[in-house]
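Before we start, here is the structure in question, set down as structure tokens.
The letters A, B, C, D, E, F, G and H name the chains in turn, as written, and every chain counts its residues from 1.
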Amino acid sequence: MDIAKLKHLLAQVASGELKPDDALDRLRALPFEDIGYAKVDHHRALRKGFPESVFCAGKTPEQIVEIVGRLRGQGSNVLATRCSPEAVAAVVAAHPDAVHHEVARALTITVAEPRRLPGYVAIVCAGTSDIPVAEEAAVACESVGSEARRVYDVGVAGIHRLFGQRETLEKANAVVVCAGMEGALPSVVAGLVEGPVIAVPTSIGYGASFGGIAALLGMLNSCAVGMAVVNIDNGFGAGMLAGMISRLIGRGQ
Amino acid sequence: MDIAKLKHLLAQVASGELKPDDALDRLRALPFEDIGYAKVDHHRALRKGFPESVFCAGKTPEQIVEIVGRLRGQGSNVLATRCSPEAVAAVVAAHPDAVHHEVARALTITVAEPRRLPGYVAIVCAGTSDIPVAEEAAVACESVGSEARRVYDVGVAGIHRLFGQRETLEKANAVVVCAGMEGALPSVVAGLVEGPVIAVPTSIGYGASFGGIAALLGMLNSCAVGMAVVNIDNGFGAGMLAGMISRLIGRGQ
Amino acid sequence: MDIAKLKHLLAQVASGELKPDDALDRLRALPFEDIGYAKVDHHRALRKGFPESVFCAGKTPEQIVEIVGRLRGQGSNVLATRCSPEAVAAVVAAHPDAVHHEVARALTITVAEPRRLPGYVAIVCAGTSDIPVAEEAAVACESVGSEARRVYDVGVAGIHRLFGQRETLEKANAVVVCAGMEGALPSVVAGLVEGPVIAVPTSIGYGASFGGIAALLGMLNSCAVGMAVVNIDNGFGAGMLAGMISRLIGRGQ
Amino acid sequence: MDIAKLKHLLAQVASGELKPDDALDRLRALPFEDIGYAKVDHHRALRKGFPESVFCAGKTPEQIVEIVGRLRGQGSNVLATRCSPEAVAAVVAAHPDAVHHEVARALTITVAEPRRLPGYVAIVCAGTSDIPVAEEAAVACESVGSEARRVYDVGVAGIHRLFGQRETLEKANAVVVCAGMEGALPSVVAGLVEGPVIAVPTSIGYGASFGGIAALLGMLNSCAVGMAVVNIDNGFGAGMLAGMISRLIGRGQ
Amino acid sequence: MDIAKLKHLLAQVASGELKPDDALDRLRALPFEDIGYAKVDHHRALRKGFPESVFCAGKTPEQIVEIVGRLRGQGSNVLATRCSPEAVAAVVAAHPDAVHHEVARALTITVAEPRRLPGYVAIVCAGTSDIPVAEEAAVACESVGSEARRVYDVGVAGIHRLFGQRETLEKANAVVVCAGMEGALPSVVAGLVEGPVIAVPTSIGYGASFGGIAALLGMLNSCAVGMAVVNIDNGFGAGMLAGMISRLIGRGQ
Amino acid sequence: MDIAKLKHLLAQVASGELKPDDALDRLRALPFEDIGYAKVDHHRALRKGFPESVFCAGKTPEQIVEIVGRLRGQGSNVLATRCSPEAVAAVVAAHPDAVHHEVARALTITVAEPRRLPGYVAIVCAGTSDIPVAEEAAVACESVGSEARRVYDVGVAGIHRLFGQRETLEKANAVVVCAGMEGALPSVVAGLVEGPVIAVPTSIGYGASFGGIAALLGMLNSCAVGMAVVNIDNGFGAGMLAGMISRLIGRGQ
Amino acid sequence: MDIAKLKHLLAQVASGELKPDDALDRLRALPFEDIGYAKVDHHRALRKGFPESVFCAGKTPEQIVEIVGRLRGQGSNVLATRCSPEAVAAVVAAHPDAVHHEVARALTITVAEPRRLPGYVAIVCAGTSDIPVAEEAAVACESVGSEARRVYDVGVAGIHRLFGQRETLEKANAVVVCAGMEGALPSVVAGLVEGPVIAVPTSIGYGASFGGIAALLGMLNSCAVGMAVVNIDNGFGAGMLAGMISRLIGRGQ
Amino acid sequence: MDIAKLKHLLAQVASGELKPDDALDRLRALPFEDIGYAKVDHHRALRKGFPESVFCAGKTPEQIVEIVGRLRGQGSNVLATRCSPEAVAAVVAAHPDAVHHEVARALTITVAEPRRLPGYVAIVCAGTSDIPVAEEAAVACESVGSEARRVYDVGVAGIHRLFGQRETLEKANAVVVCAGMEGALPSVVAGLVEGPVIAVPTSIGYGASFGGIAALLGMLNSCAVGMAVVNIDNGFGAGMLAGMISRLIGRGQ
């Protein structure tokens, strides 16, 4: 209808019913967001095969089912993160084709397969307790069409484990590194590889880890070049960013 | 000489002077870093036209001149950041071809022009006080061969200023966004563009800005997708990371 | 009786029983709070139709029922916030005319309709998880007679949603803006409107949101003019302050 | 020229040179901020007699002189805050009619007297060391046409001093309360008056005052109704907000 | 036996069996704490009627019963704080004469009535939620023989309530003031009375109260003279200190 | 004149010019602090020989000279703390009888000798760097008439030094203990003595001492009974509180 | 097979099948960690009788049983810490020879008795609530063959208790000191003994203890020489480090 | 004289002048620290060749010269740390044999060469800016007779530099590792070596390094076994502790 309004105005100008100057005044008064802007967003999501995502923490199963249904109804792929078992049950009941990624605590619904992006993203984690965050990153990355290669349990206290995976890391489009406690692993990885490193502090640890602050600060203060940091436990954000980088490379090709 | 040692060992094996099993024992005992590893690093820097960087804060002009000289002597381009006026004077005296980027408080010495990377990086800042950090990002980005387009003084308190630059932002390989105080600008930018956003909190502010902590926390907690954060005032790190992304795209082409 | 005491003293002066100088000494010795001061307060509440409020967190249902009963007994409207389901059940059982605002976790008892104040207050929130705080603000605002217009789910990551509501925001007496995570929305709103903006950080978020600290700091450091901040999740305080501003305008009329 | 562009487009539609549908496409592609939006802002400032403000901390005298000149050139009143002695000297040299508010560390240039707003704002401070922040609030308030009545040195350690000023506080449109150390004064004031209280924590104190954090937290946690808080030492923000409230009342009249 | 050892040594010196110089060497080697030191402590507690106290948080009911029994077996009065319902049940079962102070979450066993100390201590609290901490202070104070007069619910948001109790406060030996949220009450009290004020921040509050940190900081930064602070929720410590002050006064008489 | 006003009112009642009821209304409207209240305060200070104190940090020498002159003019003893050398010079020039306590950075002017209080206060410090804070406490204590006995440089790292002073500590009215770094000394002292311990964290230390926070936290968390804490470096507050306790004992006698 | 690969390469060189220079190239390309490096680690653990440790917090009983089984399968002793009752039950069911250290919440499986190290480690704790952390340290220490002598409940509030144990402390190889609340005990111990002190802050405390931060800061800021600190509640780390020191001494013998 | 007193008492017992029981009473009353205790400490320092240390920050050159003179007068070696140039000049003027360790900002005076301890301590640092802290550790270590081997500039961003020094690290008695920024180096080192690692966070860094807090937290949270941490920039403490460990090994031999 906004477009309708605009069309009508232009038709009036075309027919001489409205003078250009008066049309100008009306245009300036129009709330600019009415120019079909919001719709463009939806088009963009559909066109690119990027999923719409739902952060489920703090939402009831009913709310989640409703939001997922609405997004799917728009033809969008859906990625739901931080899903409680109740949320999983409710969504799967409503959408039997939903895929549950248990370790990642995520659900995906694929309406249309995303375009396969070139190369892959390496998803690295320091300890086994960091795996849920790493898996969230992997699922997010895959949801945008970029392959995720997992390199798990390679923390700095036994650094030779990391070196055995060096080639996998070096050839990745980007490396997502999840680590709690002292959070040193991304610095070491960024010292080894040439590509972008996305560091994810996890809340794993105790005492002076302060729920991930120690790891977060360690990563922010890294002296290694080519690394940036996302919020504590934000595997989703890291995976999406890595997927974006894969897409950029794909665009270059 | 490490290579020499290794060659000698292999020659001994070839000549029968040393048995394969004994050679094996010696190889396992060899510190692995002696296998020419460090040299590879230098090769990599030279091959790619990436500069070696020097963080000058806390170093004396004499130390800086010496380090810069050594790097240049290896045939490397040099990027020195956080240069005091004294450091600038000393380096320029020793290296008259050094270029001083005054606002960025940086120096560059270009031994070999870096390969021009495709596209450009947008460097955005919220207020005029954030410009030095943004300039550091721009100089870092340019030092790796990626064009930097500056979009300055577009903070959220007058958000229409930002929208006027939307096209520049959307077509960038990556967007570096520097902001102090509440640090809200990167979230808004990441909501507008499709590419990666690298957020740089600056120490601009007073009172409860706590030297950039408020901005840092704001950026880490952004609900926008496709954004990661570097340390407070770390324009260098953001610019290098953006340059890396440009290089990845270039590689794709 | 305090007033009685004072009357008696003045009567003694009037009758010549007490000399002015002795009366003076006695007056100076009187604890000043005995001059009927506390009563004035109650008069004020009744006269204005402002409710007495009860912060229920940390109180037992029995305590809440008792306090509500006492306030109501004084003829006062009552607003109870942070009500647990048990507290709601107990109060509604005792006061069947109590209205339960479920999302806001609030109860109101209206003994006398408050005077309708001119204009309205806009209540804005960034995400759906911020709605309970926003509703608390709305209920508080309405409890003092000021209309509340809700503008929900207009966070900065999709800023065009906000712009569609610009007129509603601009014509409000005051705008209450609730946001968690990076807390950027109030800054953007304050950059758009001319009236006072009351920012409410919410505890929505995870990791480095630190239960609302990130949002709080973001709001305190806003570079936008015309904005002040209340405690994390303090929808009540923001709504009351906005209602006060509506009352001030009403007084002007 | 943006307007020019738009006019041209509409003229083309009027002349039949461009079909309404094609015009529609072009309109949607137009960056919306080009629709004369920014200019409206300037009109608003001029129309209302509100000054443009310059935060001088971290800017060179040259930069400040240039910005002040540009703003004045647009016919705007100017309020510069956090002015160093050097900045004052430079601005006064360039603009001899600039008024220097020494204690407030502020400069004002009045091109057009702002409309006098009804009533007054009370500016309260706890100790003599808080006066510079209070004066900044007063100057800001006056710059928008609202009278400021100063009530200084009435901290809670001698609370009777405050009570002597109760009438002045109660009749104010709004009360700005500046306090450092424990920051308790705004709570006490808000318990006494009916109007809005804007609390300004100051950095006055030592040890565990942490540069104003103790006062800030005290104010945010106030159990008094009708109070909101601005950043540490942000007298400017509080004064502007109080002035806005005066304007709202004026509008009501 | 330590005393026995020492006696033996001195007897040996007396008998000429041991030379003074050799005795000197042995004395220097003796662990000094063996000279009956620890016993003195127990004597002190008995002599003064001061209770031995048990902090029950984090101890099992069994442990608490055992410790209480041991202390009582030494003839000591006992004060147990932070008692869970389970701990209360277990102690009362084992010691039927134990008195349960429900609001204070404390238990006392009085073997010998403490000497009644002169005067009284005023125990003040800001809100009803602070009462448990205030009661802990009162019980501790009474356990050492000092009367406790309660002045509850007199927070600064309605400061006239406090003034009605001014005489009670002024005549107290010491005033314990418990307050959460902004923690302003002790400052106001200390501005009114001449005696020592012991401030107890409580963990009552939400959001930026940070579990009592805001109140703690407010109290530490008080500009009022004659006040000191104990740990958050440490009613016990404040009550004991106030009791000590009563004892000092009693000693003076 | 307030008293005058009141006298006039009472005279009007006495003369029948004003009816008691009307007088009552006027009395209720009178700001209560006008009833000579503030003057009482001054009387109190004079009567007790307690000095008026001036916190000089952040005041200019001129301001300090003026405040000191005004207080002295009221016949009050004066204690000025945190005096810069410039402040000292200015005050001594204006008041040649002012005594400069150099290490304590304090000035005292004694108009009337305070009454000598019974007993003494022990002032303890851990290291030589804590002496300025301890001296401030001692001077404050002496300014109210209570003897201060200094026990310096007895930190816990060589705890036998402390034990040599045990008798001095045990017989004190109260013990002020100043310590920086880990702040453990007050806990040890409070474990040895029966009287009140006032703990003063100092800002002495480096690294994770955070300007006295480590010591402050250590003192707040002490498991010793009978101890309370003042702000970091607040020797003045501790000394005044200890002096108050001496006065209470004196009153008992 | 890595070794196999290397053997094959050397055999090719020996046979002349591969030229030394080509072998050199291949060697440089070999991921260095493939040279049997990881295996050496396992050998080391077996040779020394050091256990492999498992941090059980955040792992499921199933995961723990699997990891324990794998480690044991390599012939390694096993030390599992932070075991929940469920984990204990599961491990004991699978490994009936596992020893459960209940207070320490630890499990040990001893495949081969570790070599008995000379001397002993003293394990000290301040209060009974610190015992679980101290026991974890003791079990860790014993697991590497070093005797642990427990000195419990000797906190600084009754410091004579500590002195009775002085000889035990002085003759230890190293002293592990666990303390919560103010964390002062390690400083006092380090002032008494000549050997290394390993300080373990515990999370015991409330209010401003902040879960062990107060104790941690106290220990880091100790002015005593010869002391270092581990993470909050990290008895395991302290015990292992003390055991290492015992081993070093054993090596010296 | 204390000893004299004790001798006299024992002589009286020996002569029958004093009965053992009376002597016992006097002994118990004697402050125990008078039993020559303090002197033993001095003996210990002399006997072992351990220096007395002076922390010079916050002391005047005069104070330092006096303390150094007093210590030396007792025949002690002296180690002064954190020496300003002025302090250095003053001490060297008074003690021409004092050795100035410029980078370490330390002074040593060697009255008697300490006994050479077996083995060596490795002193490692991450970046060149950490060298002053590392040098302080080295000088402290050498001052107790333990050789220090320096391994500098081997930070984790180029981790192969560290591996080249692996043998030096593995054979050390203990490894002191100094690192600022993310503080990851000690974790990596502790993962490589078998001996104790003493981690020293340095204040090197900017932004979110918070003056060394990031490094401190990283080190405290290390998942590597066999590591403990000292205060930020506390090279002295780390070096002394490492020296103590060398001494323990020497004792074993």
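Basically, a contact is a pair of C-beta atoms (placed from the backbone, for glycine too) under 8 Å apart; a residue touches a chain by one contact, two chains touch by 3 or more.
Not measured: the values here are computed from a predicted model.
A.B. asks: So if I look at the partners of chain D and the partners of chain H, which chains show up in both lists?
C.D. replies: The common neighbours are A, B, E, F.
A.B. asks: Trace the shortest chain of touching neighbours from chain A to chain F and give its length in steps.
C.D. replies: Contact-graph shortest path, chain A to chain F, evaluates to 2.
A.B. asks: What is the distance, in whole Å, between the centres of chain F and chain G, each centre taken as the mean of its C-alpha atoms?
C.D. replies: Computed value for the inter-centroid distance: 50 Å.
A.B. asks: Could you work out how far the Cα centre of chain B sits from that of chain D, in whole Å?
C.D. replies: 39
A.B. asks: Could you put a whole-Å number on the gap between the CA centroids of chain C and chain H?
C.D. replies: Once rounded, the distance between the two centres reads 59 Å.
A.B. asks: Among the residues of chain A, pick out those that touch two or more other chains and give their numbers.
C.D. replies: 32-33, 37, 158, 207-209, 213, 216, 220-221, 225, 231-232
A.B. asks: Hey, which chains are touching each other here?
C.D. replies: Every pair of chains meeting the touch criterion: A-B, A-C, A-D, A-G, A-H, B-C, B-D, B-G, B-H, C-D, C-E, C-F, D-E, D-F, E-F, E-G, E-H, F-G, F-H, G-H.
A.B. asks: If we count contacts the way the header does, which residues on chain F are in touch with chain D in the complex?
C.D. replies: Those residues of chain F that touch chain D are 31-34, 37-38, 41, 57-59, 63, 201, 203, 211-213, 216, 231-234.
A.B. asks: Could you list, by residue number, the parts of chain D that touch chain E in their complex?
C.D. replies: Within the complex, chain D contacts chain E at residues 126-127, 155-159, 181-184, 187-188, 190-192, 205, 207-210, 213-215, 217-225.
A.B. asks: Touching chain G in the complex: which residues of chain B?
C.D. replies: Within the complex, chain B contacts chain G at residues 3, 6-7, 10-11, 13-14, 16, 19-21, 23-24, 27-28, 32, 35-37.
A.B. asks: Quick one: in the complex, what on chain G touches chain H?
C.D. replies: Listed in rising order, the residues of chain G that touch chain H are 44, 48, 53, 118, 173-174, 194-196, 198-199, 216, 220-221, 225-232, 237-238, 240-241, 244-245, 248-253.
A.B. asks: So in the complex, which bits of chain E are touching chain C?
C.D. replies: 128-129, 158, 160-161, 163-164, 166-167, 204, 206-209
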